[in-house]
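Look at the two complexes coming up: chain A is in both, with chain B in one and chain C in the other.
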Partner chain A sequence: MQALLRAILSPSFAASILRVTTPILFAALGAVVADLSGVVNIALEGTMLFSAFTGVAVSAFTQSAWLGLLAAVGVGALVGLTLAYSHLKLGTDAVLAGIALNLLAAEGTVFLLYVVAGDKGVSSSLPSKVLPDWHIPVIKEIPVLGAILGKQNALTYMSLIAVVLVYLFLFKTSFGLRLRAVGENPDAADSVGISVHRVQFVALAISGALAGMGGAHLSMGYVSWFSRNMTSGRGFIALAAETLGYRHPVGVFLASLLFGFADALSNYMQSLRVPGEFVQMIPYLLTLVALTIYSGRQRKGRRSSK
Partner chain B sequence: MKTDKRFEILRTGVAIGVALLIGFIVTCLVSEAPLKAFGYFLRGPFTTTRRFAAFLEAAIPLTFSGLAISLVFSAGQFNLGAEGQFFIGAVAATAAGIYLDLPPVIHTLVCLLAGIAAGAVAGFIPGILKAKWNASELVSSLMLNYVFLKLGMYLVTYHMRDQSVGALVSLPLKETSLLTQFIPNTRIHTGVFILLITVLFCYYYLFRTSQGYEVRMTGQNIEFARYSGIPVLSVILSVQVLAGAIAGLGGAVEMLGIYKRFQWLASPGYGFDGVIVATLAKNNPALVPVTALFLAYLRVGADVMAIYSDVSAEMVAIIQAVIILLVTAEAFLSGYRRRMLLREVKQSASAS
Partner chain C sequence: MKKSISLLLIVLLLTSVMLVGCGTDEGNGEGGEAKKAVLLVSGTLGDKSFFDSANEGMKVIKEELGWETHIIEMGTDPSKWEPTLTDVSAEDYDLIICGTFQMQEKIEEVAPKFPDKRYVVFDVSVDYDKADYSNVYSILYKQNEGSYLAGVLAAMVTTSDMPKANEEKIIGFLGGMNIPVINDFLVGYVEGAKSIEPDIKVAVSYVEDFANPAKAKEMCLAQYDMGADIGFNVAGGSGLGQLDAAKEKDCYAIGVDSDQAMLFKDTDPEKAELILTSMLKRIDNSLVRAVKLFEEDKLPFGTVEVLGLAEEAVGLAKNEFYERNVPQEIKDKIEEIEEQVKNGDITVSSAFDMSDDEMQDLLESVRP
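Coming up: the complex of A and B.
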């Protein structure tokens, strides 16, 4: 027990929290952008999976990690646009369309993996690239903070920057204002001349692109390969983090850190003699508890809109 | 009304046609011999008796999870917990099958009840969280799927594992607990009859009982249902418990009918398949077996294709996704629907 506490309080544990938070944070920010525009993006899970695969495949063929990232983000945006097209143009329920895309991603990536790598499990036969770790000169020298923030994967830094950018985008730009207006009351937004569908199309593309960065981190930062269903529910956890974080970028950042903590803890406890299954349950159970507490508090404040 | 129904059938047909076409194009892109591969895909289940039986066997669990999903979807609840409920139902039936000592038929029934109970509990959690604290059943049921998967794997690995076997499998279930496979050379088992009863029950419940009416009203317009005095919270809760019980029963039936030991290492994915089945059936329990057979046909066809060609079975995922997207798309072919209705109106006008 003491060993566990000591480990949790160490800077290297804090660094590992940031590392495992990265994909959840990206996807949760994507969830915020979509939700504030009035569309639930349940396809985040599948989007991450598609992007994780694309990153590996493109980086293997171009031998450039950055091109891989670019392609992963592009594919993420494309999945977001597909969701937007089915929901807004074809009139499919957003949740059903999201489920369809998730199912497509789960098996579709295995199909594609078999086509490009001849394997249905992992992409280790592909010479894919990894996004580099960045060393931050000044911070690195500071005692505790340096160990946490001095050296992380490029995408981890980008995820922290993304929190700020998404905040500025949503709350300090006129497009962000329009986006929130559309989500709050589409009819009112429409009556003042805002093209509701156009705004939601853009919002879902951004949402998908953010999830795409999270997917790229999984296969090109966290590990250096793609494996089937490697997202293992992170896209869904991101939805919970979004709810828990009050649909605000900063709140979502804190909520994602909480899930990152649970994830890191479960990784660490696997090395102790606790049955792995229980440890792996922690992030999901924590999500459940947090979601319930949050929703119960919300309910007192306002009536649900559905 | 009649035109509406005709249109729905037509649209589903066109959606399937488009999906198959896209599947064929993808096959052409990846295969050396696409025609041969796609041919095997289309007539796969008819190539041997064994495969035809496999196609029927595959439809059984799909029907159970399709029924569970169609119940919760009818109430407008996006509870996707059928995945975990199915899994934990199978684990519960396994435990009862290994450890209890009972005479033949009774043992089977007790195992099925264990599956039902486990599934009902698993359905109760997102239901009560929604009814009491308004926690989104969508997110909570997705989280619970992972929890039940891990819990089930823990129970099998640490308590029911057969140490004498190298692979991670449970101890064998007692002979008395198993469902009889009654057609020689197939694995088709007496669970089929339990399935038929469940289909009838779900249809009757949803369309012939007052609670079923309340469920559908809640699904169509929850605010309206609330104002007309329907206890929506208890409806939401009870339908999720019932759906959980059905998914759990499905897991138990699959376990006792097909397997001798518990041997799943990952969730077999029937929960999300249930979404496909229920969506295609428009959440109508009477149609669920039909759409489950259809999906089973595609799956077995894809497996056969993978054996005889260079295309992997996962190709079927593309076809499934396109079908769901188009079948649920309200605007898909809606222009044609307008013309159909117009023609009908004109005809009845000229007739009178």
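Coming up: the complex of A and C.
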């Protein structure tokens, strides 16, 4: 128990939370943008996979991690646009199209991996690049905070910046206002001359691009290669974080942190021989508890406003 | 008009199929009486583990023993595996080879329906009490023996004055899932480590997923943070995350199943240097051995064989990194213990024979 407390109170545990949170946070922000425009983006999981693969492949061929990231984001946006096209232009159900994209990504990336690397499991034969860790000079000197925030992967910092940017975009720009109007009531938005489809196209492209950064973090920040299905459900956890965070960038940030905390906690507890079955349960248990508290408070809020 | 065209097309199609069929038949005839074996992969190749090793074995069977070999990758959808097995059983293969615990029920279902077909299953055994499986030969591996050596190595490294070894006597273990076959590795590893250093501590984590390297990396970072300076990964695709963690923390790692240092030799030599060795599960050797015995009509169908160090079915990878980075005295000790395990002077416990309580006691004794 003492060892556990010592581990949890250490700055490296807090740093671990931020690392675990990064991919989920990116995807959850993507979920927010799509959802607020009125389309549920179920394809986040597949988008991340496609981007994780693209990042590795492009960085291996260009020998530039940043070009890899750029390509990953581009492919993410492209997957978002594909979803938009099939849903908005061809009239497919957004959920079905999303599931189809996820399945396509799961097997499609393995196929592409085989074409590019001649391997069906892992891209370790490709000389791919990793996005650098950034050292933040001033923060690094502060005792505890420095160990947590002083040195993280570039994308981890970007995810924190993305929270602010997405917030500003959605709530402080006129396009964000239009986007939310479209999601709230497309007919009303249409009646005042907003092109509903155009807004949703853009929203899904942004959503995909954000998920793409999450995917790039997995294969070019977290680990240094692509392996099949390496997203392992993070795209779906992001959807949960989005709901839990009440479709607001800041709420989503906190919800993602909660998932990250639970995951990091389970990683630390395991090695101290707390029964594995219990540890595996923690993230889901915490989600349930959080949801219960959340819905309880919401009901209370509604009652008091009456 | 339409009808006659479609009829014509059907006739054309049928004749072309027949012609193609004839073509391959003739091809076989030319090759003489080559025996045919098929490997069914319940997943895909490229796992850097069992299936790739089995694939290597099939190559030897083809090139050195002159068999005609086929490899069918059945994909990741388990609902397709049993139909494929049934289809293959209806064809004229002399040996049908498949493996992993996921295939157990499928073999148990299909094999009795084709009593004149011969099956070899690796890394799992059918339940011979259940039905008549006199046409099935099962291979199990003493991964506990190989892991014992890995444990010896880890304990000697962590107590040594090697450049990246620290003061604390803690070593790491990363398991894919909390299942008997993984725990068999763990039991051997712990026993091997304890034989060198009775006070050793082993940090154990399970990813509970064979394809989540990011989570695996996070767990191993936690282990290294806690004072481990060497870790052993037994977690399939997830296990590669441990190697990344080792590089980040500049600590040592031990790979599994295939020679994991070789994976990174060209693309990430720095990481490869940290992988002191890998505990190999030589599916290839065991399959070649089975086929040779089959040719001599000595393969004991209807039974399970457990192969270990003595049959070279498990063992440490003694590659260039092992030779270069492991001190001579450790290498000598490993040779010595390897001999003792082979000739039975040391017997290693197996998770398959242990009760849950015994297992817990063993792990409790090394809890950090």
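Basically, the second predicted complex is superposed on the first by the 273 of 306 C-alpha atoms of A that agree within 3 Å, B and C clash if a C-alpha of one lies under 4 Å from a C-alpha of the other, contacts with A are read in each partner's own complex, and residues count from 1 in each chain.
In the analysis below, a contact is a pair of C-beta atoms (placed from the backbone, for glycine too) under 8 Å apart; a residue touches a chain by one contact, two chains touch by 3 or more.
Quantities reported herein were computed from a predicted structural model and do not represent experimental measurements.
In the overlay built on the shared chain, the residue A:120 is in contact with chain B and with chain C. By the touch criterion defined above, A:10 lies against chain C but remains apart from chain B after alignment on the C-alpha atoms of chain A. In the superposition on chain A, A:243 contacts chain B only, with no contact to chain C. Shared-chain residue A:20: touches chain C; no touch with chain B.
In the superposition on chain A, no contact is made by A:132 with either chain B or chain C.
By the document's definition of touching, of the two partners only chain B reaches A:284; chain C does not. Contacts of chain A with chain B, set against its contacts with chain C after fitting on chain A, overlap at residues 107, 110, 114, 120, 232, 277, 280. Interface residues of chain C, counted against chain A in their complex, comprise 44-48, 76, 172, 178, 203-206, 208-209, 211-215, 217-219, 221-223, 225-226, 237, 240-241, 244, 263-264, 266-268, 363-364, 367-368. The touching residues of chain B, counted against chain A in their complex, run 30, 78, 80, 129, 132-136, 138-140, 142-144, 146-147, 150-151, 153-154, 157-158, 222, 272, 275-276, 279, 312, 314-318, 320-321, 324-326, 328-332, 334. The residues of chain A lying in touch with chain C in their complex are 3, 7, 10, 12, 16, 19-20, 23, 107, 110, 114, 119-122, 124-128, 218, 222-225, 227-230, 232, 263-264, 267-268, 270-273, 276-277, 280. Residues 42, 86, 89-93, 95-97, 99-104, 106-108, 110-111, 114-115, 120, 232-233, 236-237, 239-240, 243, 275, 277-278, 280-281, 284-285, 287-288, 291-296, 298-299, 304, 306 of chain A are the ones touching chain B in the complex.
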